[in-house]
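Below you'll find the structures, each written out as structure tokens.
What follows is chain A paired twice: with chain B in the first complex and chain C in the second.
This part shows the complex of A and B:
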């Protein structure tokens, strides 16, 4: 890959730099251009990513479709996030200082998206760490800086300290992987895993490293065991930030997990090593149940959506645990039927679907944040359908999509994961997933019921929302329905991304010095062990 | 090949619904007239459909419309009807416009939204009965929940929110398991035949190729989904609540259309014949319990809508029982129960709605002798009550007697079913119960000394804003109400006196299903193992197959293994 492949990230970072400068301008009117600059930067990044996603680009780079999927997701959903946070920062009191960090907010947002965008383009543990932290660092600031309330400060502190802890944990895991393979290069580590697996099972040090990586990154994706922060942080942060948090770190975390597990060649099936995928699946199941059951107990909408995001992480973790392997029946030549969707393709599709529907739901919440506090609980949105039918409609569509009703993209997302689970001979997992979907329907339906079946207790006051905000809710809703009925484009991208992950390791899948050496000197896997140690 | 009638029947209400939702608030009127006109158009198309249908080949899928939708996972937008689908579609296009017409004076707030949801539900119902792709069917089947949820939850009575939530969650929980089972079958299709497909014929093949234990698990998934929707005895509780709390139109849409029974008949049983035959005795007992339980509960109801709702539970038990009997007459009887019970339940619910509109009460104890005040309404009430009580000459009689006969003879050697008098006799008790509670109801409400509740005392009992005020003195049917009830009464008599066209046109369709099921079960390698608890399944055809286990001294029965003629389900 040459620099050309990093064009979307470069555009985003350049735009971030320009916005930072722009935000320092003494003239308010110039500072107000920040959003437009962010928007322009993301549009340009999206176009660049789209061009890079054309077939034949960077054919030699492994996982290129996965990388472009990440870029498209980052810039595409990022566009909606920028639109949704058009009024950021929400001013508790519109002072000069507030509009001073208007620029910073969008610059941070773009930095974070750039991290997500380059996530799948790394080939080294150090770079993986840097990309993950490039995603997270800006969000720490965004959470705390969003508003002056103590809840936001508390959320910021919680998010930062736990985030630092999790970074330490997975970095420690990386160090074990380094100790195991003697290098931070993906190619070397993968080769080491390959030879170790060929001999029996990998040494405990490698497995411990993997476990720590999983545990550390479970923070990014808000999965058990590091999910506790999510409700508090989601509730405390300003709603546009919450919307951003629900999407970006989660997407980054899942792509990182794919990359890390790809190092093992997805061959962890021996007795000891098999514990890792088993653990992943157990985490998935526990995460689903924890998220859904605890969401039942909540009254605050942002907390409900926080727990729902935990639950959705569970579904996606389940898809990850299914891995890239296609069952032999599904890989007949010439067959491009749906069942050739593997766990990772299902994961990527679900990631995009989840991003759209969650962002749509949050956009409506942002829209509703009145001048007197936010519409944060059921009473706050009661009777919404009568007074703001379009907002209620968008919210209802997104919630039905989160439930998984047919005609929405959420339905197809669940369908693919269930399909992948059945095709991978995990019918029990499939049943657990659909049972969770049924549990989840309860609390999503409560929100719909509050909006449609109840009369407004007090008239809802809605501050004059920016057109951009309405646009983001409307576009997200439209895409939820559009991809629910015509999933072709999204399906192609996610299947390409999921299929690009090799099911069986071969050295050629990881470029870099050692891979070249393998390719030239000793092809095939038989002698990989020679240089692995 | 591409017949545009069926998609048009669906698209017209869909477009109408979208227009209703986008209607500016400043627009005059409440949109009811427009919605009615829109809903009549599919009825016109339905008449054309009925005229064009080739009744001599009722078992074939006709009026096909098919185009690629999501080819990546085997979903085609594929519509078609056979005789069963035709009659159920016609029922839909008759009942729904009447519902909308009936709602004119009942829906007083957010009316355009109401008609929008009704039209959306209308489109989804037509989709359910015409879908020829299993996932497409599922999409419509599941989608009906959304409009129903809103109709019950917004325009219902005092416990409407509870009812709406319960309805949605019950049905959704069932149908996600149903979906899992269907995806599994599609994947089996890929494993066995090389392509991932949700086509009806494909899933029939896939399901039939499975060994018994897998069939049983998949059948369980389908069964949970459909049994909740039917509803059968242990999972029926959502339905009386939803029917009672919903506005009349919503109640008709819930109680009038038998999606669950249709799903069992069209999908669950033909796809997994071995498991279905295996489960038949258990299920049949559930049905019998449903019949008797529904009847007994109806008998003691004070709330008239509850009475109708439980009578529907009772009738649906009979419907599923007759389908499980797997005889020609049983299957025809099952479909007839779907049709006739649909008409009668709808008609009774509308009559109750009209009474409620006048007196604001559903309490049997509060009303008496309405024939003196409302002779025309009383006449219709009597007609529909007698129909529900299955009096000869009315349509309820035809369906119940055919179902019972079908169940009774099911165990006979030439039929190959698993049921028999043991099931038919208690089910027949249900008929008696039906007569009891309906006659009791008619005698109490319509005849006897005139007794009307004072309007003032009744008023506080209801959900205040949702119901228009009751008139001081109840007046007999308006012209509009005549227009609603007359077609239903006509149907009650026509189908009661001359049901022959229905019977003959459905014969090939049900024979197709039946012979497919029995043949698939018979040619399955595990047939004898499967048949062990019910040795009757082991037929003469299998002598010397080498697999035969000596059945425990029960006289062998044979299948009627006529070649599946006229089955074109691909």
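This part shows the complex of A and C:
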């Protein structure tokens, strides 16, 4: 990969630099251009990523489809995030006409998206660490800088300290992987894993490193055991920031996990090494149940969405645990969905679907904040359908999609994961996912019921929210339905991304592999009982 | 951390280098003077004699440096220490003065900043010894990680808004005991280094002279690190730069006082949205 492959990220970072300076301009009208600059930068990055996703680009880089999926996701969903935060979240007083942090906010947002966008383009543990922190560092600042309220300060401190802790944990894991392979280059580590697995099982130091990486990154994706921060931080942060948090670090964390497990060649099946995919599966199940059951107990909408985001991490972890292998007996071409989708394709599809539907739900919450002061609990949205039918409609569609109702993109996302689980002979996992979807329906429908069946508790005072905000909710809702009915484009990108991850180690998959370490040969047929199959 | 004071000796070259010589009395006296001067400078809650203590300290330090310089320029180590030249004395003086600042300044946050200065000047001394990796690690760990934690704790624990600091922040606890313990320890180290015959510990430094020449010729140390960074890790390096810039922006955003935006940036020239 040459520098041309990093064009979307360079555009985003350049736009961030321009916005940062623009935000310091003494004229308020110039400062107001920050949003437009962010929008323009992301559109340009999206176009660049789209051109890079064309077949034949960077053929020597095997994970390229995954990389472009990350770029498209970052710039595409980033566009919606910019629209959703058009009304600046960092005003000290609601009466102020401008926030001092307008430029900084959008610059940070773009930097974080650039980190997500380059996530799958890294080929080195050091670079992976820096990209992950480039995603997280701006979000720490965005949470802590919000609203000047004690809740935001508390959320910021919690988020930052726990984030630093988790970064230390997975960096420690990286250092063990380095100690195991003698290099931070992905190609060398993959070769080392391959040699060790061919000889029996990898040394404990490599497995401990892997476990620490999973543990540390489970913070980024808000999965058990590092999920505790999510409700407090989601509640304390300004709502546009929460919407951003619900999607960016999670997407980055999952792509990072794919990259890390790709180093093992997805072949951890011997007695000791097999514990890693088993642990992943167990984490997925626990995360689903913890998120969904605790969400039932919440009254605050942002907390409900926080626990729901934990639960959705569980579904995606399950897809990750299924790995990249296609079930050999069940590949019938021409069947949409079919069994031609592997766990990672299902994960990528779900990631995009989750981003759209959760962003749509949060966009409606932001819209209501602008309208009614604070729509934080069930009373705040009671009777919404009568007062703001369109907003209630958008919210309802997004919630139905989060449940997984047919006709929405959320349904297809769950369907693909269940299909992948059945194809990989994990019927119990499929059943658990369906049970959890049913539990989740309870609390999502409670919100819908409050909007449609209850009368408004207090008359809603009308303020004028930005058109862009309405646009973001509408576009997200439209895409939720559109991709639910016509998933073609999203499906193709996800399948390409998921299938680009090799299921068998081959030196050819690792361009630029150091010639020093030659892998011990392993017959291709020795793939029986690999990874989690 | 306790200050390391004065590798100084009032002794003669002959006294130190003589085989079988015991720790000479000049060295003992200099250590004792240093102890007294530090005791006088430590914050006692009321100003007394601290200027006099500082004067004593400066005199002892200056005398010690002159003695050390004379001794080094005539001994067998002359060739080894020549490349360091004046820089050794400059950085050693900064390190020692900052170390005194660490323990003597009445405000904890300044103590922490003096500690940064100690770390940086000791790192400079390590670079003079060709221990470049040690220098970098010292800065990364102490000035980077540990000190940030200190400052966090100090910020969280100290009252703001003009409230005077608590007694335990302004007055050193048990100054006499601390000075006694640390200077007895210092005396033991000096006895080991300068009190006995020249032994392997000191002479091991002699090859450094040839080491300097070798390092200049080969592509080693910091230069190799830099070349490696830019040749193989150019993109991660750029990324780290962006990360640090973001952190800086965030630090300014979070620590800035909340004022009306108009006063900070400029007047509104369009109506509210």
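FYI, the second predicted complex is superposed on the first by the 493 of 533 C-alpha atoms of A that agree within 3 Å, B and C clash if a C-alpha of one lies under 4 Å from a C-alpha of the other, contacts with A are read in each partner's own complex, and residues count from 1 in each chain.
One rule holds for everything that comes next: a contact is a pair of C-beta atoms (placed from the backbone, for glycine too) under 8 Å apart; a residue touches a chain by one contact, two chains touch by 3 or more.
Remember, it's a predicted structure, so these values are computed and weren't measured experimentally.
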item	value
Touching partner for A:378 - first (chain B), second (chain C), both, neither	neither
Chain B versus chain C as contact partner of A:422, first or second or both or neither	first
Contacts of A:362 with chain B and chain C, given as first, second, both or neither	neither
Which of chain B and chain C A:31 touches, first, second, both or neither	second
Touching partner for A:69 - first (chain B), second (chain C), both, neither	neither
Touched partner set for A:20, first chain B, second chain C, both or neither	second
Touching both chain C and chain B, counted on chain A across the two superposed complexes	none
Residue ranges of chain A in contact with chain C within the complex	6, 13, 20, 24-29, 31-32, 87, 92, 96-101, 104, 107-108, 111, 124, 126-127, 130-131, 133-134, 137-138, 140-141, 144-145, 148, 156, 464, 466
Chain A to chain B touching residues, read off their complex	327, 329-330, 332, 335-341, 386, 393, 400, 403-407, 415, 418-419, 422-423, 427, 430-431, 434-435, 437-438, 441-442, 445-446, 448-449, 452-454, 486-488, 491, 495
Contact set on chain B toward chain A in their complex	21, 70, 72-74, 110, 138-139, 142-143, 145-146, 149-150, 153-154, 160-161, 164-165, 168-169, 172-173, 176-177, 179-180, 183-184, 186-187, 190-191, 194-197, 217
Chain A-touching residues of chain C, taken from the complex the two chains share	233, 235-236, 239-240, 242-243, 246-247, 249-250, 253-254, 256, 258-262, 264-273
